[in-house]
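Look for chain A in each of the two complexes below; its partner is chain B in the first and chain C in the second.
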Partner chain A sequence: MTEELRVSVDRRDAGAIMYTKGYINNVGGEEIANRAYELMDGGVRTLLLNLRETKIVNSIGISILIEIIEKMIEKGGRIAFCCLTPVIHKTFQIMGLANYATIFTDEDAAVKELAI
Partner chain B sequence: MTASPERQMELTLPMVPDIEIAAARAAGNLAREIGMASASIDEMAHAMIEACINAREHSGSQDRRIYVKITGTSLGEGNSRIDIWITDHGRGFNVTEARSRRQQLGAVHKRGWGLQIIEAHMDEVSITTSDDGTTIHMVKYGKNDD
Partner chain C sequence: MHPLATFLNDLQQLERSPIASQGSLILNAFTRHTRFDAGALYLRDARGSEMRLAAKSQCIAPEILDGAAEDVLQPAPHVVVPLQSHREAVGVLALGMREGNGVDDDDVAMVRTAAAYVSTLLTNQRLLQETREGDFQLKYRLWELESLYDIGLSIASTLNIDDLADEILFRMISLTNARRAALFLREDAGGFTLYRSFGEVRADFLERELSEQLMREGKALTFEGGGECLFPSCETFVAVPIKGGNDAFIGVLAAADRETREGGVGAFEENELRLLSLFANQVAIALENARLHREALAKQAMERELELAATIQRDILPKSIPAVDGIEISALSRPARQVGGDYHAFFIRDGVLTALVADVAGKSMPAALLVSALHAVVQLLFAEGREIDEIATELNRHIHRWSAENKFATMIMISIDQEAETLQFVNAGHNPAYLVADGKIDMMKSHGLPIGILPQTRYLAQTRPFPAGSTAVLYSDGITEAEDVAGEEFENPRLEALLEQHLGCSASMIRDQIADAVDNFVGEAPQKDDQTLVVVRRV
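On to the complex of A and B.
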């Protein structure tokens, strides 16, 4: 069985918003990473991941998200998340991701705070 | 008096990518049948996903199967309980070492969080492991949906 992740990007002048739909596992995490690294190579330093349509994550997928955060921090940028389900938010906190990326309740608040 | 399970399910699953989703969906369906609230089901599903991934990725089992047993029990007064057993016939592991892992950003190893996630999302977790395999028994209590 497959649970493919779909990723779409809204590129903006001051950054980008990435939308995910589906399961963030190892394959989904790599897909997010590839798109994020393309954006970083293109100069994006503020990236918001909107997980509104992702209901399931696993620890391997989150470990890849942590790697993306590390690379963005190395480049002097920042990554934030919004629209997490309660269980995904809790899982992010367990793995420490919440200590290194801001988590917003909704996209409007994130866009305003990040100025993208 | 101890309530007896109203629902029971046993699955034998191949160790293939994303099979953890099938296991989590089966448990979620059973939990919904006894009325467990969706927030509790979501936590249970994420714990189950990690348990199945641990079995698939780390057990080294020769038969490449995950054995799943799920029971659901209504406890009265709008409360319910789900018991899940995930068994593999692999080589076992050191539970103390697995529990002691606490990775940080920048650490060499970012993986190995499965057990911490399982214990955070479930109410009770016990592990029986030996050279003949591992069984993780997880319990989730929940208020029922109105």
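On to the complex of A and C.
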């Protein structure tokens, strides 16, 4: 099983899709944050995080994701998630991420709704 | 815009700035909007214990403010203003002018006004931060509870430990903020197998000393790490025993490298140890459920096999009693389990009736297999036209050669020749059968070893007169050794008394009387052995 988080980005005209693979913990969360802030600095205001290959997220990872969402909202942008495992989906709901970021079942639905 | 309004407007940027850059933002605003051009700003740290240097300009200032700012800063500041909330001092601002000493009351008043505003902003921000952290912690506790609840639901809905193990491990890692974790299960031999892991784990390093300590303490414990341990190079790790029914030690859950918000790793906290213990309880229930499920499946499979064997054996036993002129035949077969070790058969050749009762050693499937073999060989030998002594001899050789060492059968065969008015019998280690003729009861005792004991055994048939009105009673030891609730056996004298009481009765009457007598004797006691009874009477 992969322990280190790997991130890849599909930059599009109207936004970006970020794919994560691995554990979203402190290290993984920082990696996502760094890539997200780079995208924001580059003008991205719609960011979709596809967590299809992430099975675990801890509280520190969640707090970093919240910071990223807040940063994007400050900039007038929007963050969404898709392809969450049932456990992570429920975690996001309980921890309040779902209040500020839309959660989609699959990437196609997210891309269509976000128009990216 | 009024200079003070511009000043306060700049300070308002605090609300949107990261905490790390607040010090320089505040000090820059003061040096930009007042005549002060040097100074230092101290802010109370997150733990609330120390005033830590947040920014400085054109002065020498220690990292921690320990004493009056006027005494420790160089050059000494012209004005020192506490940043004060209604609860506590949140910081200290010290300002000075490098050129001259033209500080007037207006300068000081402006600094105090702006400082009061900064104090309010900082206090609000800290309160907001505390509220958010409190809210986060509350949600986090809810997440913990929900996770435990969900694990409980998962355990109730799946009996596959493989599916559950990943979920348990992932949730444990998530909730304890661990970077590495492992689930070990105990083998039958007493060692431990690494069942699931996350991150680098030494599969062969659950030391005996560690497992013994866990077993002794029976709770989650923290251990020193190092290069040579379960989680190589970790500082500390935690392990908790998984205890099944009757406190049996069935496995170990372990985790290492608990992340801190500062980016490093640290020791696990007490609440995380409690959480680990709760997870261990859940794993124990899951393992116990999975084990019981496996056993139930195995039992079902065994029962299906036994049912199949019972069907085969039912097909082996005679489905009906053969009709032979001048002879009444009656039989009873009651297996103690689904598959029994008793066997009986009838053969008719050239008007001669042969009846056979056998009892193979053992019960259930092994006994049924031997019964099947015995049935097949006897059928073939009769079809070849062999006499009963030859049949017994050949059967013995065959069973000895092809069956396991401890497999044997007792057997009695009788052949009734109505023309000659004789009965021939071979008794290979079986209970003595009864021959009732001319009002006398005689025994047909064993005169050879049971079938399958020694390969060279040769059996010889014995002959008795069997005139009209004579009766032969063959039975297995399940009849005479039937026990009542006190453990007393039915025994032969009771059987002989019944035969004496029913001299001249029909074969079916004799069978029913014996069966009823055995049932009445046994009462509520369970049937321990197969019961077979064959009654043959010349009319």
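Criterion: the second predicted complex is superposed on the first by the 114 of 116 C-alpha atoms of A that agree within 3 Å, B and C clash if a C-alpha of one lies under 4 Å from a C-alpha of the other, contacts with A are read in each partner's own complex, and residues count from 1 in each chain.
Operating definition for what follows: a residue touches a chain if its C-beta (ideal position, glycine included) is under 8 Å from a C-beta of that chain, and two chains touch if they have at least 3 such contacts.
Remember, it's a predicted structure, so these values are computed and weren't measured experimentally.
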- Determine, under the contact definition given at the top, whether A:E107 touches first (chain B), second (chain C), both, or neither. neither
- Query: Regarding the shared-chain residue A:N99, is it in contact with chain B (first), chain C (second), both, or neither?
  - Reply: first
- Please indicate which partner A:N25 is in contact with in the superposed arrangement: first for chain B, second for chain C, both, or neither. both
- Message: For A:V87 in the superposed arrangement: first (chain B), second (chain C), both or neither?
- Response: both
- Message: For A:N58, using the defined touch cut-off, is the partner it touches chain B, chain C, both, or neither? Pick first, second, both or neither.
- Response: both
- Message: After superposing on the shared chain, does chain C or chain B touch more chain A residues?
- Response: B
- Query: Now for A:E74: first (chain B), second (chain C), both, or neither, which partner does it touch?
  - Reply: second
- First (chain B), second (chain C), both or neither touched by A:D10: neither
- Do chain B and chain C touch any of the same residues on chain A, and if so, which? 1, 3, 23, 25, 55-60, 63, 66, 87, 90-91, 94-96
- Using the touch definition up top, name the residues of chain A that touch chain B in the complex. 1-3, 23, 25, 27, 55-60, 62-63, 66-67, 69-70, 85-87, 90-91, 94-96, 99-100
- chain A partner contacts - residues on chain C that touch it in the complex: 16, 135-136, 139-140, 142-143, 146, 150, 166-167, 170-171, 173-175, 177-180, 198-199, 259-261, 263
- Message: Which residues of chain A touch chain C once you look at their complex with the stated criterion?
- Response: 1, 3, 23, 25-26, 30, 55-60, 63, 66, 74, 87, 90-91, 94-96
- Along chain B, where are the residues that touch chain A in the complex? 16-22, 24, 39, 42-43, 45-46, 49-50, 53, 103-106, 110-114, 116-117, 120-121
